[in-house]
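Below are two complexes that have chain A in common, paired first with chain B and then with chain C.
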Partner chain A sequence: MNLDVESLRTFSSLAHSGAEEAADSLSTLTGFDSRVAVTKVEMSTRSDVEQEFCERDLVSVHIGFSGAINGRTVLAFDRDRAVSLVDSLVPGASDNPESELATSGLKELGNIMLGGFIDGWADFLGEAIDITTPTYVELDADRSLVDVIDAGDDATGEVPSGEGLGGDTPEAGASHVLAFQNHLETVDEEAGFYIYMLPTRESVGRIVDAAGDADDALPVETFTTFSQMITEGAGQASEDLTAMTGIDTDVDVSRLSFVPIEGVPMQLTDETRRGVVLEFTGTPSGYIAILFDPGSAESVADALMPGMDADPAMRKSAIQEIGNIVTSGFLDGWADSLETTIDISPPTYVDDIGSAIVDPLVAELAQTQEYAFLIDSAIATPDETFTCDIYALPDEQELRTAFERLAPEPS
Partner chain B sequence: MARSVLVVDDSAFMRNLLKQLLEDDHEVVGEAENGVEAVELYHELNPDVVTMDVVMPIRDGIEATAEIKGDDPDASVIMCTSVGQEEKMREAVAAGADGYITKPFQKPNVLEAIDDVVGVEA
Partner chain C sequence: MKVYTTDSPTPERVKVGVAEYAVAEGEATLATSGLGSCVGIALVDADAGVAGLAHAMLPSVGDRGVAATDGGEDRQVGKYVDTAVPGLLGEMADRGAVASRVKARLAGGSAMFDFSSSDSGVGERNVAAAEAALDERDIPVVATDVGGDYGRSLTLDATTGALSVRRAHGDERTI
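So, the complex of A and B:
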């Protein structure tokens, strides 16, 4: 199966329109004034999908779809949010949120929201897409989205186990996922709703045939190879960070996604972050930000200068240097795999809210592109008291050139 | 035998760290924070060894190394950088670098690299 940038744009646009439909439905049904915060196409591994919701106490509604394309959609929301939704849908039922009455309200909400989400894809393909009845599933640390899909116990019966995670059989391509993730948020609260669409591998091919540019297409394995490079780069960055600071870190999340350029800042937190921004040049070129939460930034400075009463300028320099080292760890593997060099600029120290840090980078890239490949990785201690986020924004065309180098030779 | 070392890095923190790592065994005779300063200080101080960062503003470490080695083929330059790309290492060698160590490094790595480049003398 091949995939091209034009198809990714179409995927993103359809997913965004579908999410807007779902947000309208949500507002109409519940009175919550909701909007689509982020739509992104994620090229992830199974474990990344699992990680996405891991450790969060969620309730979800699952719907399978079949016909022109096959797969499943999932509407997930925090348990607290579910209770307030139940209250607005079925007044009084929130006293017992796991009652059949309460869950049936949520299932119907999912049915309407996810049904609206799927309609746009059917219209685009000019063919019908049937949906299953909704299933209510609770997700928590012991039961992840992947567990549910692998077990096939969400009763979306038309979709065989494994298909929803990218393969048409449990074996075929199932380690990598093409997922469409939409984050809806209400105006008054940050906590939001997530819509996942997980089409089968064959279905992705079907949409590419309808939307894509065959001359521009690359085997989907190219994207997954690059995803693997990102994971390895994050691993090296984590090792370097640990070697330098003695803080025992590991890669928490690592993924490649395709987002409208204006949606990039919304991927970052509105909380303060300290770190560095660097420009890299080569194939690809772009920008990279290494961002610590304030406590972690202080931990880095303390670890690098133990027992020293260093002046603020020296602490800043230490954070710049660790940013430099993490960046090199992250990018060196790409350069070697692509048999090229990637030059990095000296680091610029940043201290601002996360989204504001990337605003100027996005403004620069927006001069030449409407969508961006966003690479984001998180490095953290097991207890997450220390976190370091890596965001890379390569130039879309140059990353496309890099993908060509990774594409397997035609047999 | 203690050697005179010129430390070149745009990071004040890293220059400080290198000075600490070297102070027991060698003498840091100067510090530069970019390639232009490095070349000037090399000619002024004539150190036994230069530890040279690669990514620096104004002038990078590979260009500075090429100029130092062009002026003095006997100069000993060790690249001390976070950049671990194979192509970059080849560029550094082509510029005349005598050693290449990647950050994060520890004291033994740095001392060993200096010994490798200038030899251990009683």
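So, the complex of A and C:
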């Protein structure tokens, strides 16, 4: 199966309008005004998708779809938000959020919101898409999204086993897939809703056939190879960070997604972040930000200078040094795999509003591109001593050129 | 089915995303966060009690061709200063604002990084484009907090037109 940027744009646009439909339905039904904050096309593994869910206390409604395209959609709410929604739908039901009355209220909401989300895809393909009866699922430490999808597909028979996430075979399920993530938020709060759409591999192919530009298409494996390369880069950065600080670290998240460029700063919040920003040049060129929350920045600086009463200037240079190490760990593997040289600029120290740090990088790229390939990774210590977030934004056109090197002959 | 209505004692707070604008009336605030080189354009007609806030990313739509399919029409209008200003004014007029009474405040447009691959100074150009677009429509800019090498988040009081500019670490000033 081949994939091209035009198809990714179509995917993004369909997912965004679908999410807007869903947000409108939510407002009509409950009075909660919501807006679509970010729509991302993620080239994810199942575990990456799962990761996004397992860190939050969520309840969810699942609906399968079949027809023109097949797969599964998930509407997830923060638990507190779900309780207030239930009360607006079924007054009094929030007194007992576990009750049949409360969960059926959420299922009905899911049915309407996800139905609206799917309609646009059916219109685009000019063919009907049927949706299944919604199921209500709580996600917690003992019950992950992937468990639910696997079990749900088997138990209900609504969607054939294995088609939920990855494809027709269990092996395919473990491979990279596309997932469409939409973050909805209410106008006054960050807390929100998430709509995931997980089409089968065949269904992705179907839309690519309808929307794509065959001349520009690359085998989907090119994207997944690159995604794998990012994971390896994050692994190398994690090892280097551990070697330098003496603190064990793991790669928490490693993702490649395709987003409208203005959606990138919205990945970060108003919270202060400290770290470094670097520019890289080569094929591809782009920008990278290595960011810590203030507590993590202190922990990292302490780890580099144990027992020292370091002044702010020393702490700043420690953070810069860490930024250098993480960046080269992260990017060196790319240069090897892409058989190219990637030069990295000296780090610029930042201590600012998180979203404002990324904003100028995005504005630079926005002069020549409407969408961005966003690479985001997180390296963390198991005991949460610190977390290091990595955001890389390669130039879209140059990344495509690099992809062509990865896959000279589209299959 | 009951329609939920809020009895919130706090005034309406409207969030404006990157490359978007929004209009509010009366007891409301408009807020946008994370302006780096982006420029925040705050417009208020105090007599009508109508205010608008834009978070624009680039100076001009004319710098490049924009495909209509890229993210939808509305999204694009708010992305560029030269389309966001008339778009915002138009929407404010629909809500009762009169252009001759509108006053503007600008914030953002900083130069946080000195990238080797770029000689553009996007922040500075954003501010200049905003000033030009407002001047062309005879809208006075009564206060600015622009430039520098730091980020800003904004909250606009729709009633008074006061624009609160917050930096990292809680530094805040009102213009």
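Everything that follows uses one rule, which is that the second predicted complex is superposed on the first by the 397 of 411 C-alpha atoms of A that agree within 3 Å, B and C clash if a C-alpha of one lies under 4 Å from a C-alpha of the other, contacts with A are read in each partner's own complex, and residues count from 1 in each chain.
FYI, a residue touches a chain if its C-beta (ideal position, glycine included) is under 8 Å from a C-beta of that chain, and two chains touch if they have at least 3 such contacts.
Remember, it's a predicted structure, so these values are computed and weren't measured experimentally.
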Discussion item. Do chain B and chain C fit side by side on chain A in the superposed arrangement, or is it a clash?
Written reply: fit
Worksheet entry | Which superposed partner A:268 touches (first chain B, second chain C, both, neither) | second
Practice prompt. Report for A:321: first if it touches chain B alone, second if chain C alone, otherwise both or neither.
Written response: first
Fill in: Which of chain B and chain C A:243 touches, first, second, both or neither
first
Fill in: Which of chain B and chain C A:276 touches, first, second, both or neither
neither
Practice prompt. Would you check which partner chain A:345 touches, where first means chain B only, second means chain C only, and both and neither mean what they say?
Written response: both
Discussion item. Which chain, chain B or chain C, ends up touching more residues of chain A in the combined arrangement?
Written reply: C
Discussion item. Here's one for you: vertex at chain A, rays to chain B and chain C, all C-alpha centres; what's the angle to the nearest 10 degrees?
Written reply: 90
Item to complete: Could you grab the smallest C-alpha gap between chain B and chain C in the overlay, to the nearest Å?
Response: 11
Worksheet entry | Contact residues of chain A, present in both the chain B and the chain C interface | 345
Practice prompt. Please name which positions on chain A make contact with chain C in the complex.
Written response: 9, 12-13, 16-17, 29-32, 35, 37, 87-89, 91, 185, 187-188, 260, 262-263, 265-266, 268-270, 272, 277, 279, 281, 285, 287, 345, 348, 350-364, 366-368, 370-371
Discussion item. Using the touch definition from the top, list the residues of chain A that touch chain B in their complex.
Written reply: 240, 243-244, 304-305, 313-314, 317-318, 320-321, 324-325, 327-329, 331-332, 335-336, 339-346
Practice prompt. Provide the residue numbers of chain C that touch chain A in the complex, in ascending order.
Written response: 1-6, 12-15, 17-20, 33-38, 57-58, 63-64, 66-67, 69-72, 75, 79, 110-118, 120, 122-123, 150-153, 167-169
Fill in: List of chain B residues in touch with chain A within their complex
10-14, 16-17, 55-57, 81-88, 91, 102-104
